[in-house]
Amino acid sequence: MRIDRRKFLKLAGCTGVGLGLSAADIFKDTVEASSGHSAVSTAATRYAMVIDIRKLQTAEDYQRIVDACDKIHNIPTLIPEKGNPKHEVKWIWNDTYGHSFPDQKNFYHPEAFKQKLFPLLCNHCDSPPCVRVCPTKATFKRPDGIVQQDMHRCIGCRFCMAACPYGSRSFNFVDPRPFIKDKNPEYPTRSMGVVEKCTFCSERLEKGEQPACAEASNGALVFGNLNDPESEVRKILKTNFSLQRKPELGTMPSVFYVIGGEEYAG
Amino acid sequence: MYNGGKIIAGLIIFIALVTFPFYTNMGKTIEKPADPTAAADELHIGNVPIGQMRAEHMMILDKWRDEVVRGGERFITFDGDQYEKSIQNGCLACHSKQDFCGKCHNFAGVNPYCWNCHYSSEEDQL
Amino acid sequence: MAIKPKPNELLSGINYKPPLKQWMDEPVEFKKGYYCYGAKPKNLEYIGFPNGREWNSSEQDWKLVDNWKEIFLEGMENLLKKFRSFRLFMDICVRCGACADKCHFFIGTGDPKNMPVLRAELLRSIYRRYFTVAGKLGKIAGARDLTEDVFKEIWYYYYQCTECRRCSVFCPYGIDQAEITMMGRELINLLGCCTDWISGPLANCYRTGNHLGLQPHTIKSNFDYMLDDLEEHTGVRVEPTFNRKGAEILFVTPSADFFAEPGVFTCMGYLLLFHYLGLDYTWSTYASEGGNFGLFTSNEMMKRLNSKIYAESKRLGVKWILGGECGHMWRVLHQYMDTMNGPADHLEAPVSPITGTRFDNAKSTRMVHIAEFTADLIKNGKLKFDPSRNDNLNVTFHDSCNTSRGMGIFEEPRYIINSVCNHFHEMPDNTIRENTFCCGSGSGLNAGEIEELRMLGGLPRAHAVKYVKEKHGVNMLSCICAIDRAVLPPMIDYWMPDVGVCGVHELVGNALIIPGEKERENNLRGEPLPGMEEKGEEE
Amino acid sequence: MGMIFSLVAVIFLAAIAFMGAKLNLFGLFGVAIPYLAVLVFIAGFIRKVIKWGQSPVPFHIPTTCGQQKSLPWIKQSKLDNPSTTLGIIGRMALEVLLFRSLFRNLKTHRTDGGPVYGSNKWLWLGGLAFHVTFFVVFIRHLRFFTEPVPAWVNTLDVVDGFVQVGVPHMLITGVVLLAAATYLLLRRIFNPQVKYISLPADYFPLFLIIGIAVSGILMRYFIKVDIIKVKELTMGLATFKTTVPDGIGGIFFIHLFLISVLFAYFPFSKLMHLGGVFMSPTRNLANNSREVRHINPWNPKVKLHTYEEYEDEFREVMKSEGLPVEKE
Amino acid sequence: MRIGLLLSEKKHEIAKTWFDLIVETYPQDTANFLKTQKNRFGNPVGFTISEGIDAILGELSGELDLARVSPYLDNIIRIRAIQDFTPSQAVGFIFLLKKVIWEALASEIRKNQLFDELLVIESQIDQLANVSFDMYIACREKIYKLRANELRNRTSRILKMSNMFKDTEAEEKDTAGF
């Protein structure tokens, strides 16, 4: 999908129009679509991630996953005493049950489950609102379902951050380079003034590797093609009960949380 | 001359501004950066003649960038070998940022923003 | 169809669409009512101007001297050497056109050569031809030969400029057509081609001290007559002094103020004010003219006429000088007098004897504008007014070109008017203050033979007055300029009757409560005051 | 007429340069003419300014565009009617940097509800955009005349390319310069008043500058030239060690030649307003002529009509009216 | 009147054509200026003409009330009276309206046989022209009066110099001479 310069300028001119879009407009047709549970990607490939929350037990389990991502993608680390919390950049991070699934009105979930942390990342939605609002078409959806962002084209307008219901996007308020702990010379950094997020490690996929987080998770995070009935992710989803984040918004997330059940009992 | 002081002061400032290139380079001998050794019509990765690469590398890089980011076509085959269309892992694998890119860019005062994001292994405290 | 009318035939006399030529190819056409009569030789002779002769500006042959071209060009070279403004303004105009529609004569007449830029180009084309390298290329470089027709064109249009400086406000380089017009007129005067209307007052002023040629005794008797009137209206007998040595202040105002209506009413205002204050001041019959037609002629003539004021102040031994309401008079006093005839070491830095205020802004010239003087009095609470005496008036204020753009006196007169009147309305924004429109008759253009031109030049001003007349019922146009007072009445009379013209100090005179005055029934014009109409009729 | 002439002249000049490049007259077009042009520019500029300086400012004639300094309780308009040196610096800065006077430009429109007052800022905007961008473009070109290129020149380049559109990234000033110059040209063609006053000398510099901008933009984005060789040539000029590398491309010589023509033409044209604006006596003088005496160096001796002469003529009538006289 | 209806329908078009024709009675450079600068204070001439046109056309569409239309007509004549036109040129612009109306409405008039009504309109225009002549003469008289006042002022000044002021004071009105 190549956009020539002229087209881009035209789009850039529409930025102002984008400003006028309200959230209602953004979600309107996705909500309609979701009510029927029908609109599902029919492409050959739709990458997805299944997170088996049962397999994440110790703090180290969680941290290993985040560290793997941070290191490989040159993600700056927030220095607590210096950093403004707003400056935090996160591709994959952990949060509480309440923050992760605010729409779950079931008070009777097992208490231990509700105490757990959940790894959160970009949901690579099948109907991504961030793509719709991007005035420069820097964010786009690939045929394989990955919601990708062209950093060269990002103008830092942050419409996508406003549109994303999952808070999966971070803005570089400062030059990130001084805050990168272990530099990966094979991966670029970002510059000040652009938005960034999880890419499902598209660069690793092209080399036939698994996403870094999945690789580091000891099987807790499983990556695969959702549209392939034989894929591992489909098998897990077929046999386990899972949750999506805020499914009622109709964004159709590609990240699933296997929650299990009996092990929380007692 | 009337108001001579002010007028001459003004003229001196003006002349100083206009002749800035002359006195600032007084006595210097400027060597242009040495040409890369390859002949202009030899082919570069991507089947582009070196001469054309020199004039239009920014456009070729721009094209490759779109192919990688948008199309997921990360690799290019040249002379039977695969090369990654990447500044960090491709270009800089053969060329030195300082010596190869930097010399001409600095000489011509052209400041691309590639380096804002793309590391070169020879600097940036790596 | 027999009934199809062909009205165009009725207008066959009109030159419909002249081919669009370059302006240089368009010969000047002298329109009746747009140009003045030529100067009479006896007037030029009296003031020692060269090349005076009997000639008629409406005739083909102007009887120019044989070497007129050399005189003109030599004069031009001389002026270029003497005035940086002239040389600069000849060189740097970029013809951006910002000034084009700012000139009241262009707006009124639509004649493109009345755009300030083009009026200046008339002279610039000569400058390029004779004084620049590129000009040798001729027309392509915007240069042209000086011919008799070109000279006439310059003459025609340089007496269609009132030196109002409105163009200069908008010019990005401050190019001032007034300055260029002055240069052009200096050159015209070298050839004895001054207008009759300017040369007459010049000669008069040089001889008798004022434009009207009033001799000392006439001034005196004229005053007596005015004082009788004043006594009749106010019950106060004012006793001004003339040529009195040892007075503290010398008062100078345009002679029209003690001779012409409605100027005399302004003069009555001064007289009442000074009487009320008990000011130790004197008038002069020798320096009895504030105005200075030299400004419209040549800098030397300006100096010769202006010198009388300092000379008289020295002879009389006064401490400082007070000046009445006038436009071009103040341009000269403010910007030229000290340079030309100063330093005024025989005087003292002016201090108001009533309030003790030092007029620091006039500490070198030692001449104060009466609006500054009066505004200071009012601010210090030294004057008692009954503004209701002006209640029949809806007043607006016309900023005069010279005091606006050659001095910047905007707030003082407004402060005074607001203190003495209850009903004041400004004209629309872009027609007042530094953007003010000219009366159309300044710089010696108030000659009767160019009535049409003056009416058209005054049109923009008249329309602004008309606007406030319709909107606020304005019926009095106040101003601080004698030329305005002289020419605005007929101009207003032509465009929209029933708006009067007055000086600011006439309003002051009306409202001022003077100890010992009788119950005022009439204003200074002898018209009944508001509420007194009945009484007036009974009597 | 003047417009066609100027257009043809500029095209002709471009053609000369192109032919020169074709004929390999690099020494002439790359070295001799640029040197000559700069020499003519500097010498001509100085000559003109000194010529102005040789004429004094005999009178104090600022155009006052605001309230004067008078009584302490009346607020003076310190920038539009300055009375101090500081005020003048402010006024001149506003004038030179922000085109204060053009900002005042007026145009009023008739609507059904009556006249509406509006300012007309298009000329101001076009003029300012033109001059500011021209200046920045000029400064930006220092990268061809300095080695190493100073950081501030590089920074300017980065700021100018801030929108990061296109490759090589578009420089805003170049585009705005071309747009503004085109606006100024169209104004001369379509505004009847401005058309009427325009001379060949008004169209010529505009076409020349448009030609320079177009050739520059072509070179940067479309018809590439070898920039390293260009800088080799320009640095040769700057260090007086001239070299003429071959194979630079004709478009560069068109660009360079048109610039040379602009430089050489400058001191003999209206472009001298660059220097003149600083010397305009209606702008650069304080309105303090009653406070401080301004000296006219050639203050003429003139024949006066003295009081004595006056009294001699009118003594009898003065006495008859009781006016005091010096001599009885 | 049906033609009145037609007139008000096409008022805008007729006004524009008439305005252009009037403006073209000026030299071209002036005409361009008048056309392009439609503002009241910046361009009083153009404004007065267009304002007057609107008023006159409004009146023609209904019953012609001279008292209502006169001030507008007067505004235009007052300007043209001092613009170096011959008397016929100064007021002849009224007759241009006949041409304009005919050109705008000819087909409708033919189709509906409205010649009688056209005659009425034309006689109204003639009426306007008559009034205009009166106004023109009044303006010229005013100018001559203003001029005569100034001439008298000049002579009175000479009388004044010979100290005969009191005899001429009654004439000292109006303009002073500067």
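First chain written, first letter: the chains are A, B, C, D and E, and each begins at residue 1.
Methods note: contacts are C-beta pairs under 8 Å (C-beta built on N, C-alpha and C of every residue); 3 or more make two chains touch, one makes a residue touch a chain.
Fair warning: this is a prediction, and the values are worked out from it, not measured in the lab.
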Imagine subunit D is simply missing while all the others stay put: what groups of chains do you get?
-> A, B | C, E
Could you find the chain whose CA centre sits the greatest distance from that of subunit B?
-> E
Tell me, please, which chain's centre (mean of its C-alpha atoms) is farthest from the centre of subunit D?
-> A
Which one of the chains is closest to the middle, using the mean of its C-alpha atoms?
-> D
Name whichever of C-E and B-D has more C-beta pairs touching across its two chains.
-> C-E
CA centroids of subunit D and subunit E: separation to the nearest Å works out as 45
Report the inter-chain centroid distance for subunit C and subunit D in whole angstrom, where each centroid is the mean of the CA atoms.
-> 33
Per the C-alpha centroid definition, the whole-Å distance linking subunit B and subunit E comes out as 72
Two or more partner chains touched - positions in subunit E = 29, 33, 37, 40-42, 47
So which bits of subunit D are touching at least two other chains?
-> 52-57, 106-108, 115, 191, 193, 196, 279
Got the subunit C residues that touch at least 2 other chains?
-> 84, 101, 112, 215, 217, 221, 428, 430, 467
Which of the residues in subunit D come into contact with subunit B in the complex?
-> 38, 41-42, 45-46, 49-50, 52-57, 142-149, 153-154, 157-158, 164, 167-169, 224, 226-229, 231-232, 235-241, 275, 278-279, 297
What does subunit B use to touch subunit A in their complex?
-> 65-67, 69-72, 74-75, 87-89, 113, 116-119, 121, 124-126
For subunit B, which residues are in contact with subunit D within the complex?
-> 1-4, 7, 10-11, 14-15, 18-22, 24-30, 32-33, 54-56, 58-59, 61-62, 104, 106-113
Residue ranges of subunit D touching subunit C (in the complex, touch as defined) = 1-2, 5, 48, 51-61, 63-71, 73-75, 77, 80-81, 83, 95, 99, 101-102, 104-108, 115, 117, 123, 127, 187, 191, 193-194, 196-202, 268-270, 272-273, 276-277, 279-283, 287-296, 298-300, 302-307, 310-311, 313-314, 317-318, 320-324
Mind pulling up the subunit E residues that touch subunit C in the complex?
-> 24-31, 33-34, 37, 40-45, 47, 78-79, 82-86, 88-89, 92-93, 95-99, 102, 115, 118-119, 122, 139, 142-143, 146-147, 149-151, 153-154, 157, 160-161, 163, 165-166, 169, 172-178
